[in-house]
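Each of the next two complexes has subunit A plus one other chain: subunit B in the first, subunit C in the second.
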Partner chain A sequence: MSGGGRRGWLRLADVMVATLLGFFVFAPLAVLVLLSLTEEWGRAFRGGLTLRWLLEVPNAFGAAIAHSVLIAGVTMAATLLMSAMVAYGVLTRRVHGPILVDTLVMTPLTIPYIVLGLALILAFKAPPFRLHGTVWLLLIGHLMIAMPLGYRTTQAVMEATDLSLVEAARSLGASEWTAVRRVILPLIAPGLVAASLLAFVTSLQNYSLSFMIAPERYKLAPLEIFTYVFAETGAYSNYNLAAAVSLCMMLVLLSALGVVRWLTGQSWHENINV
Partner chain B sequence: MDAARALPRVGVTAPGRAASVAKSWIWLGLLLAPFLLFVVYPFAALVKTSVVTPTGAFTLRFYQDLFAIPRYLDKTWNTLAIAALTTTLSLLLGVPLSFYLWKRQFPGKRILVNLLVIPYMTPNYILALAIIFLFGQNGALAFALRRLLIDPEYRLPFNILFTYHGILAVFIFHSLTLVVFLVLALLAGIEPEYEEAARSLGASSLTAIRRVVLPMAVPAIAGAGVLVFSRVMVDYVVISLMGGYRYATLAVEVVNRYFGYLTYELAAALAVFLSTMTMAIMYGYLYWFRWRRRA
Partner chain C sequence: MERYLEVRGLWKSFGPVLALHDVSFAVERNEFFTLLGPSGCGKTTLLRCVAGFEQADAGEIAVEGHDMRFDPPEKRDVGFVFQRYALFPTMTAYRNVAFGLEMRGLHGAELDRRVQEALDLVRLRGLEHRRPRELSGGQQQRVAVARALVIRPRLLLMDEPLSNLDAKLRQEMRTEIRRIQKETGITTLYVTHDQEEAFSLSDRILVMDAGRVQQIGTHAELYFQPANGFVADFIGQANRLPGEVVAAQVEETTVRVLGETLRLPRRPGLAPGQRVFVSVRPEHVRLAVCPGDSCLKGRVRQRQFLGPFLRYFVDIGGAEVVADISGITLDGLASLPQEGDNVTVGFSPHDCTLLEA
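Up next is the complex of A and B:
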């Protein structure tokens, strides 16, 4: 085969690979965008663009979104506080047994969400701790699954920071709290923001754990998405609305993760939860 | 970590040492209490439920059921089969694809590779919805073909809902990009000199990749495989959404037992069994990885 022919084949292979990848990347996103912007699904290709479905999202999913954001927000704050405390304690050797701490904090990563959910139900459905069916259990569950990611990021950024600066500030007369607040905190702030966003995203997108332990009638966005997909009666089946809310959620998740990457320079694969 | 260990103990002076040790244990207890209470204790409760009869006696009956009743064996088999199938297919497709992307340059490559994070970060249930919207009988493809063929009654020759290949399609969408991403990230870190050295010694380009670069990529490939396998294995939502209960896996069966039949003990036994498998896979990989590094 001549050199020119080989190049031609390679060019063709390039196009095929690019098409395949492009399909994998854009097809799901494109169909969501298309659906959210078309008037009626049956006439998707006949024009009739509308913002109606996107504007309908707050109406149809308002309560669910508010709940999801509330849970994710509280999870985020708690994760931030706890992972900063644990990481600082471990790194300044104030806490014994760093391996024990790491293992314990990371354990939820190895337990399937469904199993963790069932375990939480079984442990807290009867006295002494009766939490099953309350929002508290939902919050606790979300905190447990957000901690591994938050902790890993916080610990990484603290490790990269010279904590002996605290000692330096203290030798100049500052109290430890002041030293941490004025010297360390500004240095690790971007990492902490990243850790918080990861916790937020983990909580916001979770389906399986929420499905198990969310109180009855406490609507959450991921669970509600399907309301309009599998309504067999047809009266409520509304692909456009389901696509619109999915699209909103994807945009929130992707932009949050984009900010994380920008802040930490971490590669994406360090931020995923199995 | 080592650098941090070499640090002086912050705020500890010699006379206060005993007090500081006590304080250290209190710190540890306070920080770990939530994890003991909300992860370890629930898991212990789960294990306890799975080995105690309703009357309170110890039994292994529920685990025996797990391995004796065909229904549960089927679920275990389903779980492992769909996970293995997804892993194999996405590695078979993804690894050559990553090597191709690594070697070749073409316009738009960088952008495409960077955008791979979109499907990879999309929650799997949204991906499942998107695939229903794309390939379902009321999806985009069906509508396009109906208009194209001017046949409003046209139906796609395949069903995506409630079928095995429908489930597989969602998992592949989710996993293939993950594989490409992880392997490509590793390949990007390999110095070209290795391959050039092999080629200067007379190896062909393919041989150089196969004998020199591929072995270096094995940990990333194995890691991607483990990640894909365990992601699929623990999945509940995609299978219940796309396959109903026909292709139920262990995770689906746990939910089914608990909410459907309210048989806590069996649900608990299934759950313990499932998480033993995931833990074994993850820790197994971790130890293999460390052992390989040391060797």
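Up next is the complex of A and C:
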């Protein structure tokens, strides 16, 4: 009987956790949705519902969103490529000192982004690499903050793979590249997808580092949103529009997540318990 | 004798550890050749050097006279069966087997015919659309063998392929592997630490220890004429009695063992005064009966009933001799020496091997 009672308590705890999570996670999101669909801030329903803000997004934020997605895309691709190559190198012992590599890649995670931004500016202000004020510096910065997450995820799945699979494929006549492509990649694809997503999101939503190193007049979505929310002049201070663009970006990310889930859905479950 | 695979003067070290120490041997065409030794003796390293997964530091590995030491694995045309199978987890059994053929540019009906043929050979028809983890250990091993054989390689290399199977299945797969090897006639290099496995499968066996070749021979040669103390100990059980050479004649060598003088068949290279071991198998030791002059006196310390035979542990002046007495019956049991009995221990000089100490 006491077992049944304990189960009852557990169920109650479950419900509480779910409620709290629901409230703290979903309530702000709900406000965001509401905001982007109402006429005026603070008068949720009195002002009436409207699509005005959402329709204004392309006009006001088109360039910023395009830039953000482009930077995030490039960051993601570079992170994935570098992570996969380094992780494979560590696995096959071609890269020596895996601990050193790990430390190097993970360090940016321990530095406040503002400080990292300052360091990047100072390092690349003068020759030989005069990159301050260019998109390149922005890309370098984003790569630095995306790599820890991307590399860790990639390295974890890579480490779990059996190198004799590559040897087996090679003894059957496959070159090393073919062996990796045909045998290892399908096996670690779910991990690589997760790594890409993390890198993409890290870049897309970053504010503080971008604020420091983005070129002047190079609009990025998070910077623009900040401007709209906290602009000094009342005319620009538009919570509704900021909410609308946030909603758009959220939808972009969620659909990316959905597509990825759907694409790898099969192997996702199959490979987990190999 | 045709030298199909020839390994000559192979050296390999991993940092300070010397894994292969001047290893040389030759394998004939269609031969089943086994590398036998305790774990860490270098046998797997040797196999991996032949496959091209490891680079030997020096030496030559040639198939039909062509040195392939510097060829990458994919150019060597050898099939490899791994201890843990290493089947491609995302592919079905069929695709696993087809992989090597695809790499050779085969497709369509020809590919299908060859895959089915290989699956038939290992008796896996009907399971070809399962993934590796939907197959039992034995079935996975069959897929691994089919995958290695379907490309009709010049050599089949197997690295402890049965060590992950349970005892009964291991016996079964042992018979299967020998059947498949006979049917295909493929020259096979097989690695194991299990002496019984080596004996039941192989035409010839290479015994390895500490990176060195200890002896190469048939099972009978290894068992009855061990080249040294390591082989005598490692292959089966052996009593090693310490002694000293008294005289080395043309026909025989006289040795003093445990206070008795034994006249044994001559072994070249032994001088009077040299310390030696006389090695004799437990099943060649007789109790109570004392033929000729190879005869020692002792006391039974322990007697174990092991079914097909009785195992005696006899104390001879501080040294222990193990004797296996077979052909026992229920009635005969009582008349055999008991624990504590004084016995004479005898063996024929022809069953003894003289080993350098």
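In this section, the second predicted complex is superposed on the first by the 221 of 274 C-alpha atoms of A that agree within 3 Å, B and C clash if a C-alpha of one lies under 4 Å from a C-alpha of the other, contacts with A are read in each partner's own complex, and residues count from 1 in each chain.
What we mean here is this: contacts are C-beta pairs under 8 Å (C-beta built on N, C-alpha and C of every residue); 3 or more make two chains touch, one makes a residue touch a chain.
Predicted model only: the values in this text are computed from it and were never measured.
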First (subunit B), second (subunit C), both or neither touched by A:Ala168: second
Partner chain(s) touched by A:Val157 [first = subunit B, second = subunit C, both, neither]: neither
Touching partner for A:Tyr113 - first (subunit B), second (subunit C), both, neither: first
Partner chain in contact with A:Val260 - subunit B first, subunit C second, else both or neither: neither
Partner chain in contact with A:Val57 - subunit B first, subunit C second, else both or neither: neither
Subunit B versus subunit C as contact partner of A:Ala194, first or second or both or neither: neither
First (subunit B), second (subunit C), both or neither touched by A:Pro28: first
Chain touching more of subunit A, residue-wise (subunit B, subunit C): B
Contact residues common to both interfaces of subunit A (with subunit B and with subunit C): 164, 167, 170, 176, 267, 274
Sites on subunit A touched by subunit B in the complex: 10, 13-14, 17-18, 20-22, 24-29, 31-32, 34-35, 41-42, 44-45, 82, 85-86, 89, 91-97, 100-101, 104-105, 107-116, 118-124, 140-141, 143-144, 147, 159, 163-164, 166-167, 170, 176, 205, 207-208, 211-212, 222, 225-226, 229, 239, 242-243, 246, 249-250, 253-254, 257, 267-269, 272, 274
In the complex, subunit C residues that touch subunit A: 51-53, 72-74, 76-80, 82, 84, 86-90, 99-100, 103-104, 131, 133, 147-148, 151
List of subunit B residues in touch with subunit A within their complex: 1, 3-5, 7-11, 23-25, 27-28, 31-32, 34-36, 38-46, 49, 97, 100-101, 104, 106, 108-109, 112-113, 115-123, 125-127, 129-134, 138-140, 143-144, 147, 173, 176-178, 180-182, 185, 227, 230-231, 233-234, 236-237, 241, 251, 254-255, 258, 264, 267-268, 271-272, 274-275, 278-279, 282-283
Touch list for subunit A against partner subunit C, complex: 162, 164-165, 167-176, 178, 182-183, 186-187, 267, 270-271, 273-274
